[in-house]
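Could you have a look at this structure, given as structure tokens, before my questions?
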């Protein structure tokens, strides 16, 4: 136990000020010397910066939660475009919603607290609710139309190969996570792909679909194995978190940079809320890693971190 | 808006008593007339009872969170044995840990708050931490040994077919979710199967593994489509929740009984914390459904609901 | 650091069973050997039992959250009646609602998720909402009538003296926390008394009211100072938690038994969610204390702990 | 029910971009058209702006949570200095810590996740922990010294009068919430004052202290009653939230602007997590109010809102 060393490392909390001219870089440099989640968010910014500056670092990004419906598609797109993500692991839902936006459809916003929303009537009006965001059923029809016309070259490729193919088919006028990943050769892994509206439409219209999920799993392990340095940014937990973690677990170099943005908590024992410190016992995060868990809604934290990074680079 | 009807339905809150002779049935009958999560847990008991009594009801059970490590294997085993689950949708992790216990290995418990746990030293001692539960690395070796010796009859079967095959290979001395499901012909769906230690071992030792995930997806949709009545019990959210929900979404009969046990909340927009009411806008839960979300650790709620059901039947 | 000792103390997680004949004592004896919050709730039961069996232990009970409206009045009444509480520290709200029930009024229950509740219309119908519990405005009128007629002997007594006086005025037909405390000479401290509907009515009708809050503060410190052994059960955090903690902080004997039931989390830094371990750094909880924080809705945890204790005694 | 109106009000979610030149005003104008808590934080900024621009609006600010220890003293100081707060309702703890900083003491910061912190050893080294912030015991000695030397003119004044007196005694070199409030004639209400380290020291050294809490309560009701327009910003819930709410409940003008920043949730029924919509049923928040609850750590939200306001004014 090192309380003595610990005491020496203690610094004064900074009672900082914000002025009209404060910029995002100055803000986080101040917040780094405060406490609670403000400090952790500031640390997350610093760690992400270090990941980017470590030229050997493979940056894994786990994406769970309805971020595209909530307006974060452009931000995630830019994380990829700027080279801040090397490997994307996503839920199927975010890819489904990305495709919807890329095809010109929109998610809609309304105030959940207005008390004049009845989910039963929304059903009658073919409007699907995601907290305070809404998706009309006709979006599904647009996805279905697009998906049904795909000429799929190989029904047994890996999921990530299919997602690259899919990205290449997306017309170029709008932002698309799928397309920018295809263009920049960033692999997208989606271990629970069949748990998505996109996969359902594929399965209904292309009955021979049999994407090879084990190929993805082994490819991901190989990428992790070959990484001379590894960094992870986990948004929201879920399958993307575990998939990144399990790939790093038995590797020569586990994560030396680790960021986690979540509203989940450790006490009920689920992986989504597990601390990054716990991940050290498994060898998923390195014992010398720099790490920060930010308890925050990703819709607040992700844009702020990006803004900080963008200010610097 | 029906506040008038609403006022008529209001009943007195019951300021109940507990005596030495209270039983679990009486407790929940009292709690049903209270408020907050006690009431919701009591409603969950009642709804599960109604699911069981509706002989046409297909009971879907979604299992996420580290419940087997936390000592809930025997309880889940008994939900299945008693016929309280017809279709199980699970994370890969719970199946991996089920296999470990079935092979005679044990998870270990210790007090997380004791402050003498250092995850870095745990790593050195090959002890993996799941909050206050611990799994020695040698358990992996046992699973690896078992998995490597499997004679897999077909590398391209569906995941659920493979899990049935796997259940049949498990020796019979101990409780096993995999084995009891195989014995009772209860399908286990695991949409993110490759996101698990079990799948990793399979992939390493059986390089031809290419389980057909799309077959599972379509089979699940068919089961949901054919259900004359549907009930769902969602533990912890995640992929199992969404996979059950997406299968019911376009069916003639969406869920008319719905229970959800989770610590997640709706405000950050993720599916795990989404209300069952929201699911009505999607047509996943029927507008006339009886439903209850219990904000509780499943390790507390699941045994209590089982105890209630067991008392009755 | 004691990981070596730690490893030796690890025990197998128990994969327990529940039968028709399980009783609450057997249930918690099993859950004590599991993980996550089930284990912690079982530990809380055991620690409460130890508090009771330590005849020198002064049992402090902090009560925050709308427990009386939610139907927990009878349970709290019985904790007091059975001698499980020596010093009660409460929010003013629970005392206000206790008085309402004691005067024959009722809180009402209805389902919040039914979506036919409009708070604006509730306002028009003079119905105040507390999540899924409702209190009609006329309850206030009853409290006002009762309070306005009180002959208060001394406007400058301490809050706890006043609450004892008040308990003595309450007619005896119904359960009342205020009355049973007065009868059993259990002091009730309420540091934020003026933050309650009861105090508002007192202030409006008895303009000379000037209860001496500092007297309570010093009396509480004296009680804590004199305790040969101290145990605490904190429900929901807030002012009651801090008031108990600050009284124990500078005492010869800080708490050696400590239970906390809350849904709050430590990361945002507020006292309500702070760990009991953190309280050791302040000297509020003894370094050798037995302690357990249960992340659970108190409406679930409080009746279960009481049932366990009642089964034993 | 107005789903039809509701559909008309729906707007597209904005998939916005951040550039090097984005400013805080532009950021929140974009986030206002997204979803989840990002949107709600943007709405909170807008509502605060409207409160400021409504010249008749009395701006009530409820402060709970360890914000001064976490480095937010300077920010809160500036909210007051800029005229963004008219009435401050605070926990005693924030005032105690404000006094500590004002007297030249510092809170210290260290990383909670480093696993080399043992609360028992911290105790031995007289270092009190507040999550990842630390306060040495000697700070108490400094407060004690200051408090013991105070010449208190009237032991029976109201708490707010005493806090004004106290603010006037604080030397002027450093930021102090107490002093700036005294200088600007902003009343500070502290209904649970005796639940604080500051009050303990006062009680120990000034045995005649008998501050009149009922006078504060009635004064606060009068302020609320006289307000031609009322706005509230609630940070963290607790007693400050309820005290503001109860004062507005029976007034001609309840709050027409309402902001709430909290990590608490409504489902366990406590007031801290209760929705602002629920407050409408009580008449605490006006049915026509603009309101926003942000589920966020206040250490992140408070500086961002201030930055937004500072950019504009």
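Structure notes:
All chains are identified by letter, namely A, B, C and D, in their written order; residue positions are counted from 1 within each chain.
Everything below uses one rule, namely that a contact is a pair of C-beta atoms (placed from the backbone, for glycine too) under 8 Å apart; a residue touches a chain by one contact, two chains touch by 3 or more.
The structure presented is a predicted model; accordingly, all values stated were derived computationally and were not measured.
Chain centre most remote from that of chain D: B (centre = mean of CA atoms).
When the C-beta pairs in contact are tallied for A-D and for A-C, the bigger tally goes to A-D. The distance from the centre of chain C to the centre of chain D, each centre being the mean of the chain's C-alpha atoms, comes to 25 Å.
Distance between chain A and chain C, defined via averaged C-alpha coordinates, is recorded as 41 Å.
Once the centre of each chain is set as its mean CA position, chain A and chain D turn out to be 33 Å apart. Contacts with at least two other chains are made by residues 1, 35-37, 66, 69-70, 115-116, 118-120, 122, 127, 130-133, 263, 265, 267-269, 277, 295, 297, 299 of chain D.
In the complex of the two chains, the chain A residues touching chain D come out as 1-3, 5-7, 9-20, 22, 27, 31, 33-39, 41, 66, 69-75, 78, 101, 106-110, 113-118, 121-122, 125, 127, 130-134, 175, 263, 275-277, 291-293, 295-297, 299-301, 303, 306-307, 310-311. Residue ranges of chain B in contact with chain D, taken from their complex: 1, 35-37, 115-120, 265, 267-269, 295. Of all residues in chain C, only 64-66, 69-70, 93, 119-120, 122-123, 127-133, 156, 191-197, 199-200, 202-203, 209-218, 221, 236, 238-239, 242-243, 246, 263-274, 277-283, 287, 297-299 touch chain D in the complex they form.
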